[in-house]
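Right, I'll just put the structure down here and ask away after.
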Amino acid sequence: MSYETEQLSEVKVFKDPVHRYVHVKDRLIWDLIATPEFQRLRRIKQLGTTNLTFHGAEHSRFNHSLGVYEIVRRIIENFADEPNWNKEERLLCLSAALLHDLGHGPFSHSFEKVFKLDHEHFTQQIILGDTKVHEVLERVRPGFSQDVADVIGKTYKDKLVVSLISSQIDADRMDYLLRDAYYTGVSYGQFDMERILRVMRPMEDQVVIKSTGMHAVEDYIMSRYQMYWQVYFHPVTRSAEVILTKILHRAKELYEQGYAFQLEPIHFLSFFKGKVRLDEYIKLDESVVHYYFQLWQEEKDVILRDLCERFMNRRLFKYVEFNPGTEMHVYLELHDLFKKAGLDPSYYLVIDSSSDLPYDFYRPGEERERLPIHLLMPNGELKELSRQSDIVESISGKKRTDHKLYYPKDLIEKVTDLPIKRKIKELLNIQGDGNHVR
Amino acid sequence: MSYETEQLSEVKVFKDPVHRYVHVKDRLIWDLIATPEFQRLRRIKQLGTTNLTFHGAEHSRFNHSLGVYEIVRRIIENFADEPNWNKEERLLCLSAALLHDLGHGPFSHSFEKVFKLDHEHFTQQIILGDTKVHEVLERVRPGFSQDVADVIGKTYKDKLVVSLISSQIDADRMDYLLRDAYYTGVSYGQFDMERILRVMRPMEDQVVIKSTGMHAVEDYIMSRYQMYWQVYFHPVTRSAEVILTKILHRAKELYEQGYAFQLEPIHFLSFFKGKVRLDEYIKLDESVVHYYFQLWQEEKDVILRDLCERFMNRRLFKYVEFNPGTEMHVYLELHDLFKKAGLDPSYYLVIDSSSDLPYDFYRPGEERERLPIHLLMPNGELKELSRQSDIVESISGKKRTDHKLYYPKDLIEKVTDLPIKRKIKELLNIQGDGNHVR
Amino acid sequence: MSYETEQLSEVKVFKDPVHRYVHVKDRLIWDLIATPEFQRLRRIKQLGTTNLTFHGAEHSRFNHSLGVYEIVRRIIENFADEPNWNKEERLLCLSAALLHDLGHGPFSHSFEKVFKLDHEHFTQQIILGDTKVHEVLERVRPGFSQDVADVIGKTYKDKLVVSLISSQIDADRMDYLLRDAYYTGVSYGQFDMERILRVMRPMEDQVVIKSTGMHAVEDYIMSRYQMYWQVYFHPVTRSAEVILTKILHRAKELYEQGYAFQLEPIHFLSFFKGKVRLDEYIKLDESVVHYYFQLWQEEKDVILRDLCERFMNRRLFKYVEFNPGTEMHVYLELHDLFKKAGLDPSYYLVIDSSSDLPYDFYRPGEERERLPIHLLMPNGELKELSRQSDIVESISGKKRTDHKLYYPKDLIEKVTDLPIKRKIKELLNIQGDGNHVR
Amino acid sequence: MSYETEQLSEVKVFKDPVHRYVHVKDRLIWDLIATPEFQRLRRIKQLGTTNLTFHGAEHSRFNHSLGVYEIVRRIIENFADEPNWNKEERLLCLSAALLHDLGHGPFSHSFEKVFKLDHEHFTQQIILGDTKVHEVLERVRPGFSQDVADVIGKTYKDKLVVSLISSQIDADRMDYLLRDAYYTGVSYGQFDMERILRVMRPMEDQVVIKSTGMHAVEDYIMSRYQMYWQVYFHPVTRSAEVILTKILHRAKELYEQGYAFQLEPIHFLSFFKGKVRLDEYIKLDESVVHYYFQLWQEEKDVILRDLCERFMNRRLFKYVEFNPGTEMHVYLELHDLFKKAGLDPSYYLVIDSSSDLPYDFYRPGEERERLPIHLLMPNGELKELSRQSDIVESISGKKRTDHKLYYPKDLIEKVTDLPIKRKIKELLNIQGDGNHVR
């Protein structure tokens, strides 16, 4: 028996609150789950700082990765008798589903922004580099790891396979919407996944949806829209993210200035230098970040210690709505006033923007082309979703952007120059308590 | 307006997947949640190593503490018109509910065992010591923190108040059963809490249950029984716990032997020395433990690095059922064989026992007296639960104990002396794969 | 103690799968539930023929009415401290909520259409006429029943009270969406009602929604939209409704022609005559309808017996999409062919249309003016929902209509004139099985 | 293609709130569902009078029958690769599962008791007699209907097949526990069916459970125990059943006395005479019963009209606990007093008993032998459940019986002879309101 076809002596199951059970029968999948690189995902939260807003959101990327694998497993099971489905791609799909987030680090968004990293690059490196994951994948056949990397990188030749993992209605999105809704406890993320799985049909270069399932897809797109604005872009979460980003900026800046840290931040050095080796990247999990942030609460640098103390103890920035198109002069005035008040505006006055495009049809030539969702009509024709659905049409291609200005209300209250303080409060419209938790 | 009666300008709510919403109206509770000591509970998992078995169980003690608070809040709301209820105890109950787990450290069970600590002692210290929590509590009135400490310590004069937090059907247990069931995804922990809350009645020295609610209480006790054996004592979880305990033992032993750690384990020193100051204790959250375990994967000491590598990458010990009453000679023989095979049995051959007493009536004079659950009969009489319920009677006072012997199957497979290896495998009944995940 | 303020000795609870528990504390509500007129609602299904499509939808209007009452009870509880809320309206609101559907008969839609009835008229009659409900209401004070009737009839002076029961986001709609979703098992009807209840604020003449709750309201409107198209207008359900309507037509027609029924349809006589007394109306529950339909399966009249047999045994009509704007000639041609084939087209070729307006803002002067939903902005201003929400804006005022043509495929297959049969099948595009269950 | 192997062109699904979806692929099953005899189950409630206590319990036997079918379908799917499983029994199992309740009439329990009927007898008759169901079954092969009847009657040769439908852990019980819990809204009926299905293994003459699933089975047995005492034997439901039984008694008695009913009760005549033909039996669904009960509310006979009015409008009897062993003299004294007060004790003073045996091991030679549940141990041995499970052992074989005495409190209040009234109230311990809804 080859490794490719090796099955476990009995199906192993993982109890999963979202999909009830995750089933593993292939030796390959079992071995991949057991690698240190995959186990590391247990120490990286799926939603970064969101648990500071929704306390239930403490689940890890490990949790989510198993879920994506399970969804793809079920889709493929449904495809068993479909003529368009190439059964030989099965293990490849399952592996890519399981490993698609492998390169995520802790608080990916902020790290990527400050240190100019790309988690997709690291996913590729882990799969192709000198790792246990790579070793296990190559047992299937030489070159298998490259295929997995290509599927995740969207360059694999069989676009149907790619579309299972990356499209506007892929296993990744379906899992995270359901899972994040479950753990946060919000009801918005729910949709009838079982129905969607049943109406998925494999076509030559993509998965399409039988038109009878259109309403279930509408519901999925609305869920996605709601989760973005209610959970993922929640202003309190963004406040924590702003602080986190500023901590990383400050630490890097201090390092570049030759500042003497009490304990040398060995895990961060390569990040500060801008050259991160794979083994260094892998070591930096959320525990390590928390460890340093705790230490830095006792650093001499006032800004670094203040920001770390805020992050660890959830003393977040407050915010006001902000329109960069018409209110830039307000920002500039505040910038000036903050300086006069002794508050460094590069750390304490931050514009943060979120934007989402809930669904889009294909716009050739655009920067990030998106594969639209196609409906399979009873007559065999394919129609792009937004042409059939009023609801989807109404939000299709409409990018929504939201800007907020973040600031530390407590520090402003302590400003001693009263006219400056009054002016700042006036411009920020601070009256009572500032914003509330939710 | 005094601090004691100060209300927030509007009710703050936390979205909670178990209780839907947690409501906070009192300024005191809001301020307590914001303290660093309470925020620290975000970095300590409620179920320690259980997530290595049930991947959903990644929720923190912060999460649970809010839940206990919310249950007590609802109970008290129901008590509003009860003559036996003293409304002046309200804030005290809420504070004690919120803070009852404040002294928990990471992986409490193992740390307490190895370093002879007691989390209840630290809960008292945090409440009474030089902390932000203490400062906030004392704002209510001098001595209020002592009252809170007394309620949690079960020495408070009003036993009714104590019984809300600590009894065989208290808010703590109700929350953790429901919450742990929710996050793991098992169905066993469910019971009709809303009904139980509605049939609770305050009596002079305890909360009792209206007899019409007996079946809901039976269901709660059965849930507890099932959760203990299916989740809390799951042998795979216990395997992780065994390894964790052995890591701590090893590190302590090495320290005592003057071993030179590559990086001085400053956070652990006071634990090794057996004198832990409050501020040192508070710093040791789960991130710090993970940080050291990651470092120790690269230590020179073979046992320490092996155990840490196992814990971090989930390469756990396998197990067999073990009866200490009749099979101690087997253990001793294995002990001997392990030594000969070069496997230190103090680290690699471990007996672990679990036992639970699902419910008990009062047995005066016994070591840990338990307050029984009383039913309030229609005629006003009180009857002890197990006298009315066949189900509860049948499991009442019956302690169930389970012993297992843990060992590293992979290391045994590598033993080079074949007769010894064969003998060990025979005694441990190792044939195929050893035990399975679930 | 007056009847108005009389409370039960303890709160009675009804276990409810949607709201967990329905709580009754007022003697008045308890007594209203016990009246024969209210108990009669147990014998009328909430969703008429929907259970022929979604077998779970067997719940009654009794079930729903308790739910609406409970929602209003919770809203009022939340309003307790609101200055705009007049506590004296409490019992009036609760009574109107409980009784708002009292005049519904079995399969209301079809009966109203065929016999030109109006259930709202009968609701008024039951409340104001010589009934037990009336008697109980008048115990509160003379004229109380008139107030209840006015609230339900939307003519009551206090428009805030009216808006709780009848508006675009009232307790009626919230309950039926959640309840129908629960019993059918579809996931579309879910939304976060608890959050909506918490952001409702009483204003002078309507309930408004705090703007922070906008997303929950969006979700509610989308749920409504989905439920309409996926459940309420499901073509198989409409097929059953078409047949039911045709049974009533046929029976009436036969009666008017002096046809001799085997058993005189005493319960139907007044309906056929067009003069229905209240006591006659009340007697006609779903059991009685089923009883007659069973009898009529053995009538001599071929059409009546065929239609009844279809309805009772779920042998429904098939359907094709139909566009009255462009395909009327097809209909006329079919009409002709049916006649030639011996199939009476007035019974066997039926156009059925559904249309829904998911949300609308106020359009003064229009036939059925709708009160829009208003958001209460942080600055105290009111804004109409569709001006703030992109999603709602996109579907606001957009009426969607759908037409289908229903026919009995089995009878067409039995047509003996082959050219006619072939032509009919061609025009109806019948190839294989016709439409499927779902 | 033979009818036996004929498949639908695509899987048909029924949305089901308990199992999410019911899947039908076999033409045979599809045709059986479409028969009038099966559709008739839509007009018979699964739980008879329970909806008078739990208003959600309005679901029909149609609903449940689909559920049992779906569970058996899933079990067989899991058995696909099991050597002990005979694939040729598949359609037989599915048909028996679907049809096992076919002979149930409305309010079976009361009808069977009063008219000495047996629904199992009618199930056999419908399957073997001149019915559409019979015709469809025989299409598979001559004699197939007899096999189905034998499986349901437990006389079929392959005991493994029988045990899927009828044993202490069969598909019937699993479905009704989950379903009844869902519709009533109680939480007690929940257990992890998915896990039980996964640990079921076919053995020569029965289905057994892998020992690793023992806790899930314990939970199932506890659910059953709770549902019996909390839902099925609820005293208010029993009160409705008592009244229903007395209505049937009274009508039969009147008929036997030559009483002239206002409308001849044609549907009941054969029941009164004790000779019920199949076609007569099938016509008597719940609608017909309700129709007559409504008519009888206007009969001249005071007892019949009173009882019918009580049943239709839910004016139930009250009850007291009653011990036939020690309180028979009280009953006799009351019997006498009722007569003196003009209340016929055969209708107005009723002892009703419920008893349940939650689980039993095999007791050879006993009246109703029960097949025990067997666990399949890792070593291949079978062990009877109660020997492995403390919980099950504790309730095994313990029959619990409960007796209550039912009476019309309102009529007693109207007794004019004050000493008799006082004495009755004293003996029945009537003080305030009598019993409450729940």
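A, B, C and D label the chains in the order they appear, each numbered from 1.
In this text, a residue touches a chain if its C-beta (ideal position, glycine included) is under 8 Å from a C-beta of that chain, and two chains touch if they have at least 3 such contacts.
Computed from a prediction, not measured in an experiment: that's the story for all the values here.
Visitor: Between B-D and A-D, flag the pair that has more C-beta pairs in contact.
Guide: Higher C-beta contact count between the two pairs: B-D.
Visitor: Average the CA atoms of each chain to get its centre, and name the chain whose centre is farthest from that of chain B.
Guide: C
Visitor: Express in whole angstrom the distance between the two chain centres, defined as the mean CA positions of chain C and chain D.
Guide: Each chain's C-alpha centroid was found; their separation is 32 Å.
Visitor: If you average the CA atoms of chain B and of chain D, how many Å lie between those two points?
Guide: 44
Visitor: Using Cα averages as centroids, what's the distance between chain A and chain D in whole Å?
Guide: About 51 Å separates the centre of chain A from that of chain D.
Visitor: Where in chain B do residues touch two or more of the other chains?
Guide: Each of 13, 20, 186 in chain B touches at least two other chains.
Visitor: Okay, in this complex, where on chain B does chain C touch?
Guide: Touch residues, chain B against chain C: 13, 20-21, 194, 198.
Visitor: Using the touch definition up top, name the residues of chain D that touch chain C in the complex.
Guide: Result: residues 9-10, 12-18, 20, 34-36, 39, 42-43, 51, 54-56, 58-60, 62-63, 66, 182-186, 283, 285-291, 294, 312-315, 432-433, 436-438 of chain D touch chain C.
Visitor: If you look only at chain A, which of its residues touch chain C in the complex?
Guide: It is residues 186-188, 190-192, 212, 215, 218-219, 222, 225-226, 229-230, 390-391, 393-395, 398, 400, 438 of chain A that touch chain C.
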